[in-house]
Amino acid sequence: MYRQKYLFLLPGLIALTAIILFPLIFTIRVSFSGWDVYNPGLSWAGVKNYVRLFEDTRYWSALSRLSLLAISTVLIQYVLGFALALMVWKDVHARRFFRVLFLVPMMTTPVIMSVIWRTIFHESLGPLNPLLDAIVLGGQPWLSSPGWAFAAVMIVEIWQWTPFMFLLLLAGLLSLPSEPYLAAKIDGAGPVRTFFSVTFPGLAAISVGALLIRLIEASKILDTVYVLTSGGPGEATETASYYIYIRGLRDFQIGYSAALSITYLVIMIVALTIIAKLMVRFLVKGQS
Amino acid sequence: MTDLTQSAALSRSEPEAVPALRPGLIAKYVFILLWSAFVVFPFLWALTTSFKDANGVTNGATWLPWIQYRPSTQGWSSLFGGAGGTDITRPYLNSIAVTLGASVISITLGTLAAYGLSRFTFRFGWMRNADITFFFISQRIMPPIVLAIPFFLMLQALGLLDTLAGLILVYVALLMPIAVWVMVDFFNSIPRGLDEMAWMDGCDPVTTFVRVILPNALPGLVVAGMFCVIFGWNDFFFAFTLTFTKTQLLPVAIVALNSSVTPWWALSASALISIAPLVLLAFLVERFLSKGGLAGAVR
Amino acid sequence: MLDLHNLRLAENGVPHLDSITASFAPGTLTTILGRTGAGKTSLLRAIAGLAIPDAGEIRLDGADWRRLPPWKRPIAMVTQQFINYPHLPVLDNVAFPLVRRGEKWPAARDAARAMLDKVGLAAMVDRRPSQLSGGQQQRVAIARALVKKAPVLLLDEPFVNLDYKLREGLREELVEMLRTETGTTVLYASTEPREALQLGDRIMLMAEGRLLDAGDPRAIFERPATLEAAQVVNAPPINIVPLEIDTVARMGPFGTQELGALGRDLAPGRYRLGLRAGDIAPGGPHRARVILTEVSGSETVTHLDLAGLPLVMHEKSVVAHAPGSEIGISARLDRGFVFAANGALISQGASHG
């Protein structure tokens, strides 16, 4: 009776499947081949690439570096975004102005802003070190020391994506019902208790959503690193995506990079699923 | 509806809701102002740099034109092929074409799919509606690098490498999950009774969608469109790997400036002009946010 | 003639429609009376094609509707929710179904304007539905349903979400309008017995997806075939008093009673006596505790506890019985209905004129 329903679903489903699934299956096939500069084509190399990958310490350290980068920046973005959302939620002058201002970074193109940030972090000509000197913190070798380069990537990520957390959490705050606040007021709860017993539980679901979306996006980090540090100095800021990029599109080890990609994807899906389940369990279900 | 009335109530209570200054309140404003400074810092720096020339840049970090350095319009004139820059008109138009093209296609296909998923029951093997919806949205998990090489080979085989059409095709896969995500939630918030009423008034499902649902879907479409434009306009990696010189997109053109003998002034000017349209979008987002239109759409 | 034959519909093992067989003649208004969850909405939705029955037939003048989607069935429906097209002004809302049927906009708008005039919304034609009150929105929905002149009109508790006064007024207007629609088969789902008595040519009782009884409203009210039917047609709900007959009639907390004509032909055994809330009155020998008093309009419904037996008393005046207090009550037991253990009506007391 409702045969027309396929007219709605199928065009999008087929288009997406065609665009994504064929490349994905192709990548899986390529990962079992020895495709490189010297032997282009779909030869059969068995699991050679996967064996090699297990001994590739550079890959595994890129993965753990990515986890550190993704988890730490996303948590910082969450805390800052939540704080900012609470501050411009109500009771503040020029509320709408600050809201727009705080949204702006997420509207900007990450690579283009990274290009600007690179000039800011420039050790001798950039504005950051003179500023730090002026407030007696002292200038730093931002892009040439491993630790500071990592920090630089973090700063750029936080600048760019805190607004996303801010947006979702503010939208959540604005849709909270007002009755519980009245009840808390009548109970004589202070601002801290009201936050933990009313505001935070009310935003638990949206928090999980926001954290997950950001973790997914952060685990793909590539653009920023490419422009800001090119993975350097050395391998200090090399993420999984960037390492696969080097192996695949710089060294043209297509087969090997395909194996790296598939492993990376599987690890990501498993890790994100576990994180999602844990977050739902502790943040959402723990409330009721 | 509740969102709307509530935020309306909030804005009404604004004047008397601003209390007198207390230490906590001072800390709050200090925090807001510090963050604001952090947010505008790169923009101000880019703005001042865009009016420098080689001398202005190599003299170190200076902010004030006329006082600290002699302003020059070299950076801005280079946008149109002047000294030390490249003409970004072409990449700009390319970016607009790809972003709008991919957004329109993604929203069209995504909205149709989302409506189907919201109103009818589907079963493909073990997959039910929730699984199909998840399949759509989960495509966002796919790291670009995983798809880059097969996309390259696929577009090569189709003869679409380094073309607008090829990029649009790839961006559709990137943006459609976002459109589905926003629109499924949106359609779920429209009561089914409306569709059923249209059916009884003689509309088949397609007519119902076109004549009744679509005219009422504008808020959802705006939010979906906003997200599609943001993610489409700001992508770099696919534009970078799937085009060479013929179909350069804006971010690629600007990053290319970066790798040459860095003309910071041209870089800054082109960066500012390329992020400008989306910064304007922030005002639109905020308007929707204040009206409560976003809360329903992002959950 | 709209015929339903052995209609079945279950969801997750719960029957919503359980072998419904019924016929509805053109030009009649049938009130489908039942509590919430009795299957009334499922029945209307099945007729409209919005719910697909698991088995059974629906026919209009012999034509099989089983494979006919909702948009091809000649029906009109008004639901509990005030559903109108939010993007269209009131006039176009009402003209919309005519246009979808192939009429041109100007002609459809003329017909819509005439219909809106009838429902008293002539001044509102340019407004959006969201700018109207609940009652006005439902008038638009009614106008949109009537303008189609569909042979089958389904009304699913159309006034339940309106306040009491508005409900009464709109119902009367609707009855007046339907009177002129000769040839239309109208099904009106309702939970209120009073509404059924006021409206219908015919009444159909439903409970748990089953058809309990059908016929003239007055007759069914006077003589419900079963205890279940008596429970559906009575609001406030009918009281059920245990009745045990051996040499005398024992009636739970009411003790031994003389039943007179009502009990004359009853064999010894266990029965249930149905007693209308209006047949219990304050003042009398039985001490009952007041649990709750509800005043609605000029009437009072009091929930009582008589030595463990829950009773409902209906008074045609506004009375305040304090909850927790004890009052004396009397019961016109001779006006009760006697039901057998299986629920069938056996005998009936003095007339209820």
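Per-chain numbering from 1; labels A, B and C assigned in written order.
Basically, contacts are C-beta pairs under 8 Å (C-beta built on N, C-alpha and C of every residue); 3 or more make two chains touch, one makes a residue touch a chain.
Here's who's who by UniProt: A = Carbohydrate ABC transporter membrane protein 1 (CUT1 family); B = Carbohydrate ABC transporter membrane protein 2 (CUT1 family); C = Carbohydrate ABC transporter ATP-binding protein (CUT1 family).
Everything quoted here is computed from the prediction, not taken from an experiment.
Central chain, going by Cα centroids?
B
Taking each chain's centre as the mean of its CA atoms, which one is farthest from the centre of chain C?
Relative to chain C, the chain whose C-alpha centre sits farthest away is A.
Measuring centre to centre with CA averages, how many angstrom lie between chain A and chain C?
Distance between chain centres, rounded to whole Å: 58 Å.
How many angstrom lie between the CA centroids of chain A and chain B, rounded to a whole number?
Here the centre of chain B sits 16 Å away from the centre of chain A.
At which residue positions does chain A touch at least two other chains?
Residues 2 of chain A each touch two or more of the other chains.
Please list all residues of chain B that touch 2 or more other chains.
In chain B, the residues touching two or more other chains are 204.
What parts of chain C, by residue number, touch at least two of the other chains?
In chain C, residues 49, 69 touch at least two other chains, as defined above.
Can you name the residues of chain B that touch chain A in the complex?
Touching chain A from chain B are residues 2-3, 6-7, 9-10, 13-14, 17-19, 28-29, 31-32, 35-36, 38-43, 45-46, 49, 57-58, 60-61, 63, 109-110, 112-113, 115-117, 119-120, 122, 132, 135-136, 139-151, 153-154, 169-170, 172-173, 176-177, 180, 204-206, 209, 230, 233-234, 236-237, 241, 250-251, 254-255, 257-258, 262, 264, 267-268, 271, 274-275, 278-279, 281-283, 285-286, 289-290, 292, 294-296, 298-299.
Which residues of chain B touch chain C in the complex?
Chain B residues touching chain C: 191, 193-194, 196-204, 207, 211-212, 215-216.
Please give the residue numbers of chain A that touch chain B in the complex, ascending.
So the residues of chain A touching chain B come out as 2, 4-9, 11-13, 15-16, 19-20, 22-24, 26-27, 30, 80, 83-84, 87-88, 90-93, 95-96, 98-113, 115-120, 124-131, 159, 167-168, 170-172, 174-175, 177-178, 205-206, 209, 213, 216-217, 219-220, 222-223, 227, 240-241, 244-245, 248-249, 254, 257-258, 261-262, 264-265, 268-269, 272.
Over in the complex, which chain C residues touch chain B? Could you list them?
That would be residues 48-50, 69-71, 73, 75-77, 79, 81, 83-87, 96-97, 100-101, 144, 148 of chain C.
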